[in-house]
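Note that the chains take the letters A, B, C, D and E in the order they are written out, and that residue 1 is the start of every chain.
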Amino acid sequence: MHRIGVFVCHCGSNIAATVDVERVSNALAHEPGVVHSVNYQYMCSENGQQLIKNAIKEHNLSGIVVCSCSPRMHEATFRKTAEAAGLNPYMVEIANIREQCSWIHKDVEEATEKAIVLARTAVAKLTLNKPLVAGETGVTKRALVIGGGIAGIQAALDIADAGYEVDIVEKNPTIGGRMAQLDKTFPTLDCSACILTPKMVDCAQHEKINIYSYSEVDKVKGFVGNFKVTIKKKARYVDETKCTGCGVCMTNCPSKKGLNSFNMDLNTRPAIYIPFAQAIPNVAVIDPEQCIKLKSGKCGLCSMKCGANAIDYKQQDSFVEREYGAIVVATGFKPISLENFNEYGYADNKDVITSLELERLMNAAGPSKGTLVRPSDGEHPHVITFIQCVGSRDVSGCGKPYCSKICCMYTAKHAMLIREKYPDTQVNVFYIDVRTPGKNYDEFYRRAVEQYGVNYIKGMVGKVYNENGKLMVQGSNLIDNEQVTIASDLVVLATAIEPDPSVKDLATKLTISIDTNNFLTEAHAKLKPVECATAGVYLAGVCQGPKDIPETVAQASAAASKVIGLLAKDKLKGNPCVAHANEMTCTGCSQCAEVCPYGAITYENKEFRIGGGKTEKRRVASVNPAVCQGCGACTVTCPSGAMDLHGFSSAQILKEVEAICKR
Amino acid sequence: MKKISLANLNELYSAISANYPLYLPVERAGEVNYGYYEEGAKVRLDVLKTVKSPKDCFFPQTEDLMKFKVEGQKIEIIDVREHAKPFVVMGVRACDFKAFDVLDRVFLVDPLDTYYQTKREAGIVITHACGKVEESCFCKTFGIDPVNPLGDVTVWTDSENLYWRANTEKGEALTKELGDLLVEYQGNAVEEQQAKVNEIYAKLPLASLTTESFKNGDMMELFNSDKWQKLSEACLGCGTCTFVCPTCQCFDIREFVTNSGVTRFRCWDSCMFNDFTKTAGGQPRTTQMQRYRQRFMHKLVYFPQNNEGAYSCVGCGRCVKKCPQGLNIVKVIKEFGGKQDA
Amino acid sequence: MQGLEKLMLEKANALLQSGEVDRVIGWKKGESYYDVSPATFTKDNLEGFVYNCFCGANLSKYLVAESKKEGKMLVFLKPCDTYSFNQLLSEHRIEKEKFYVVGVGCNGHLDMNKVYAQGVEGILSMSEDENNLIVETVYGQKIVEKESALLIKCLTCKSKEFAVADETLVVGEMKPANPNRFEEVEKLESMTEAERYAFWKEQLSKCIRCNACRNACPACTCINCVFDNNASGISAKANADEFEEKLFHIIRAYHVAGRCTDCGECSRVCPQNIPLHLINRKVIKDINENYGDYQAGAEVNARNPLVNYTKADVEAKEVVEGGNK
Amino acid sequence: MNNDMQLKSLIEMSATDVRKCMKCGKCSGRCPAFKEMDIKPHQFVTLLGQGKVEKLLASKAIWNCLSCLACVERCPRGVAPANVIEAVRTTVARMQGGDGITAEEIPAEVNEMIPQQLLVSAFRKYKK
Amino acid sequence: MQEIEKNQKKPLIVAFCCNWCSYAGADLAGSSRLSYPAEVKIIKVPCSCRVNPIFILKAFQRGADGVILCGCHPGDCHYSEGNYRTRRRMGLLFSMLNYFGIEKERTRIEWVSAAEGAKFSAVMNDFAKTINELGENRRLEDLRCKD
């Protein structure tokens, strides 16, 4: 039997001036189930709350309805009040008679009538409320960072510094990512390696950080606080624990024709290699496609020369299963393929290069040891032309519709560096717009123009063609309304960037959503920029959208702080207003799982009694309350009505409808 | 005997409906069911089998039983039984008329169903002899004479006239009220038609259908027969057969919350439904086979055992025509009658 | 049809004998030519196996229960029934391994009501050839052209493709599907609101809530339908008010929206001949026009439009105004 | 026809959304006839966007355009400047009446290497 | 007299508002003192995608003359995609209701953000006006409820 108490608040005159609160409390006193109904000046005040607590004890109330301001204001307050008096906090309903009644109506009669209806509706709902207890789950105090670029490194270091274990999974043989390939960084022109490699070393030496290099995420199970991840360690044919990184194997390897991907394929490397000098882990890896021993069984030189006896041609892919409380996705980017942009002659001319290739050409550790030379003939280029927005802001279907964000700045950087190092070089930049928001960014760009005399031409390039060994860059100069053709020695394309392709597969494994450009979608564009809709998964770096290094680091630290906040908890208290399936009526049709944005629904085959002493196995849905966020999408999709939502059950809402329509 | 030309039937309907609500076969949206006569209604007296039987007029598909008026914490109980005004049901075929007898055996014995009783007493029944028979008809199996039904008034129709014979005081009174509309008739059109119908009935495939095997059969043996499984396997568990049946009388009592209280009403239930007689403790019949068996055991075995051998099937053939999957009582009767159980 | 019946019987026999299947679901002869019933057969017990122009039922419905039994079953499916089979697979209601699907060619099945409507009375026996139904009656022989007595669902046949079949049995050419199956829906859409209201009010007033439409529907496979479940808030055993007539049919159509294959069983089984398929077909038309063409059951595990969305979906208002006048 | 109607007709005939243009000048950067044109390809797009019908109709460049569609092919925004030029050209041609050259007047010895498209567009472009 | 009053009664409008945007939008309308008719009564749901067609039909059965769903703007759903689902489901439901002859103006979806108090009020005023002009819901009512 219900023993409901109704408490009508005056809110000073906010409610009482338009709603006859006395009439409301009297009318409600006669409602079936109501045993106590009063009104008071300020229910949310200490005295008001005490009045409620006393009434709960005195009248042994089973639930309370507070007719007051919006539940968004004081629902939490009154739930605490109820709890303090020994009532389940979910046995509280609020009738919003201020924002949705007294404040918008002038006529006392009308407002009072409406207030009574709203109060009755709340009572009607309350009669079907059930005490709810938020479920609790433990938290595995370890985080997984997927991707070992600057985003992953920063996130891992921040989390580890807070005292939690972190695993980094990096698909390449070394961490470092794209930033390791860069020469200098804008807007300060620091050497990229100088600021990155110490962080890489920190990672390697941090007692809380464990790096799974040359590894990939294979399977993800579980939910926030309790992920179970299977990591695939690809065979590198070198025992990581033994290899000292001395490099003897590299010098002795007879198969030296492999393209050096770290150097953007601009030069070659041996079949056994360490990607670059400061690689972390500083351990060799064998490219099985290139290794003579692995392909034909002959050779074995590296094994013979290895003093540490680290070479293991029989190594296989291996799998480890680890548990994590949180996951940071930091899978980074790659430049887009230029196959749709024949007009720039990238495929046909060695001297048409991408900006990332230029980074390697200018890098002291690069293929030309830092001397800028033309890839075709090793000559010093005298006229260099940059083309911006190659594949960015392109809705024609050939490129990407978005702005890649970093190109304006790095092109200015390149132009400036070249002019500084080789003052005899003429540098031209074709641009559509120069976009330089950011601290000291526009100043940086202006320096390129004003101090270094870089020739910025507003207009886009129509085509690049080779004429007598010169690259003819034909484009518009919109300011002069002219078509110009610049004979250049080197053409640099500011190629658009896109999320690393591995992210698509990963998104499916993590049940996180992906936009039309394959960027991962954050939970809220403004207020939850590093969270995913799937609880416990966070985003850092370009996998979420184009960004430069400072932004990436900031986001990585933000994601890390979210992870730390999560791992700091011993128990995760769930929202008890979650979905639940009635196994007796569930048919296992799987429609609910299809609409669940959180992947909270799974299916299992369960045995049920069907009468006559018989049983049958049936597929039924099961909701993980720790993952469910309580949107209710599944409840409407379920044709049999087996799926319902605590706190907003179908019966409760129908009862509200009934009560509202009663007149 | 009196008669009226078919051309003047609308006048007859108007005259009757002037004094009584008149309930008769009416075509609506392409189907013929019993409905109230009103100006412009498409009366289809010629149709042999209405989709639903006329049992609705005494035992409607839904019927309010009582109301509870709730005000605050006060509850008032309201009796909704009205003093029933006389009404006329016209066009009732012999089989359907016999079905009233079956319903009477259920509702008019202790405990008396006063809702049914009130309507039954207020109803004036005009039966309509069959001028043709269909291959799905088997009323004679249950001793019903399709060409000579009773009721308060019996009518016959041929291609020209409607012939009218009052059988009871109620019928005589109604005849008198109609005055000159009906004229005296002395010919033998009725007898000729009767003979012809009987002759055709004899030729139809179900003419020789008999229920003898059920009369003498052992109830437990019939119940435990393994034939039921095969007979019922296509049954979808819908209620078509029970809802078009003129004798099915099961109902459920339910409540509806109105704006001022609660209305308690009853509505037809079907033993074919999987929640039939479901209670907190469970269900007596959990499989469709059991439900299927119940329906026919009831009609052909249990009911006769409790009612001096009267079957609760009248051979109207509606289930034969309407079962979506071609199941029907004829198949059951033949299965148990045609071959002796081993 | 006799040719096909012979092939089917041979196939059933062969598969039962070889042990490939343990059971067969097909049709069993009735008391008369037209009251054939779906039935299961086992090895050495194929007596009464029949296939004629009245075998219009969709056998897929029975497979939910059959799938729970031991052993493998041979099922004969017409092209339209194969879509239901796939849909049931998608919804995990049946297991493919439990069935050997033989697709049978189809040129439409007959509606006995339409035979009666042609003045056929006092039927003694029937037979058929390719184009005609030959009826012996007490009044003499009557010939009914099959084309004139097709079930509504066959008149508006959606497809002659087998969406799934381990093998097919087709005798002669199948007539093409009807490309204009939405015509009747369009006719209703072109009416005014008041006319449509009157149309459905009259049609649905006939509904006796026998649940035949629901129970025959291969998409309605809930263990406990919301209309039978007192906890749902809408359970009812009769249409106590005009509102409930509409409620039942709206919710019924809505619950199978995106899952309905347009097999037409709802209309076929309705004892009051309410054109129930026009409700489901309206939903299909709306889906096709607003969210892209979709045929439920054409592919296993295709994503039902009702559990899908695109960010560019039209607003609800446009869906309403797009079709209806 | 007044200015507004002419503008409407030009927009319709162009069948391209000039508002999509982000003014990058790629069209003009590609155009092989750029130097001969008084109004440049990108300007056709801009002028139509600004509704400057008179300026468009007075353009001589419409007779320089080769209809090679270089400008259309790689516009990053999917705008078709050649469509605008074609629309202006057709409008001007219609205003002039039907005195263009006809297929019969093409000498038999025309080089087979000349693209068909060029020939067909020539019928519209050149007056007798 | 009572009979006449009954016939002239004001229409009843049920508004389902999602907790995150529209309910907050309604609150903002309230704190901005932007009035809308008292006939509008709000039911809070976690997300517009929680609204089952049964709720809407039930509202009409019990005597509502109009039903309106309010949710976050597409793309802004707290649960990221709930309102997209609502849009599809309700598109089909409303179309079906109209196919049955129920006046299309009786059902509506509006996207109202937590900042759009003014829009909430304007929408409700407009919807109430539309329903007022349409008059009582006769085509989807349950006469028993009037008892």
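To be clear about the criterion, a residue touches a chain if its C-beta (ideal position, glycine included) is under 8 Å from a C-beta of that chain, and two chains touch if they have at least 3 such contacts.
Remember, it's a predicted structure, so these values are computed and weren't measured experimentally.
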| item | value |
| --- | --- |
| If a chain touches subunit A and subunit E alike, it appears here | B, C |
| Reference subunit A; chain at largest CA-centroid distance | B |
| Chain pair, A-C or A-B, that carries the greater number of C-beta contacts | A-C |
| Identity of the chain that, by mean CA position, is farthest from subunit D | B |
| Interchain centroid distance [CA atoms averaged], subunit B/subunit D, Å | 83 |
| Separation of subunit A from subunit B, taking each centre as the mean of its C-alpha atoms, in whole Å | 69 |
| Whole-Å gap separating subunit B and subunit C, where each centre is the average of the chain's CA atoms | 30 |
| Centre-of-Cα separation between subunit E and subunit B, whole angstrom | 45 |
| Per-residue multi-chain contacts in subunit A, two or more chains | 595, 650, 654, 658, 661-663 |
| Numbers and ranges of subunit D residues touching at least 2 other chains | none |
| Residues of subunit E engaged with two or more neighbouring chains | 53-54, 58, 62-63, 81, 85, 89, 144-145 |
| Touch relationships between chains, expressed as pairs | A-B, A-C, A-D, A-E, B-C, B-E, C-E |
| Subunit E residues within the subunit C interface of the complex | 53-54, 57-58, 60-61, 74-75, 81, 84-85, 87-104, 107-109, 139-144 |
| Subunit E-facing residues of subunit A, complex | 70-72, 96, 98-101, 103-107, 110-111, 113-114, 117-118, 121, 513, 521, 523-524, 533, 577, 595, 597, 629-633, 635-636, 645, 648, 650, 653-654, 656-658, 660-663 |
| Complex interface listing, subunit C residues touching subunit B | 30-32, 34-40, 54, 57, 61-62, 112, 121-124, 138, 202-203, 205-206, 208-212, 214-216, 228, 236-240, 268-269, 271-274 |
| Touching residues on subunit C, where the partner in the complex is subunit A | 68, 91-93, 221-226, 229, 231-233, 255-256, 303-304, 306-308 |
| Contact footprint of subunit C on subunit B as seen in their complex | 28-31, 33, 51-52, 61-62, 132-135, 200, 203-205, 230, 233-234, 236-240, 242-244, 252, 254, 256, 265, 267-270, 273-275, 320-328, 330-331, 334 |
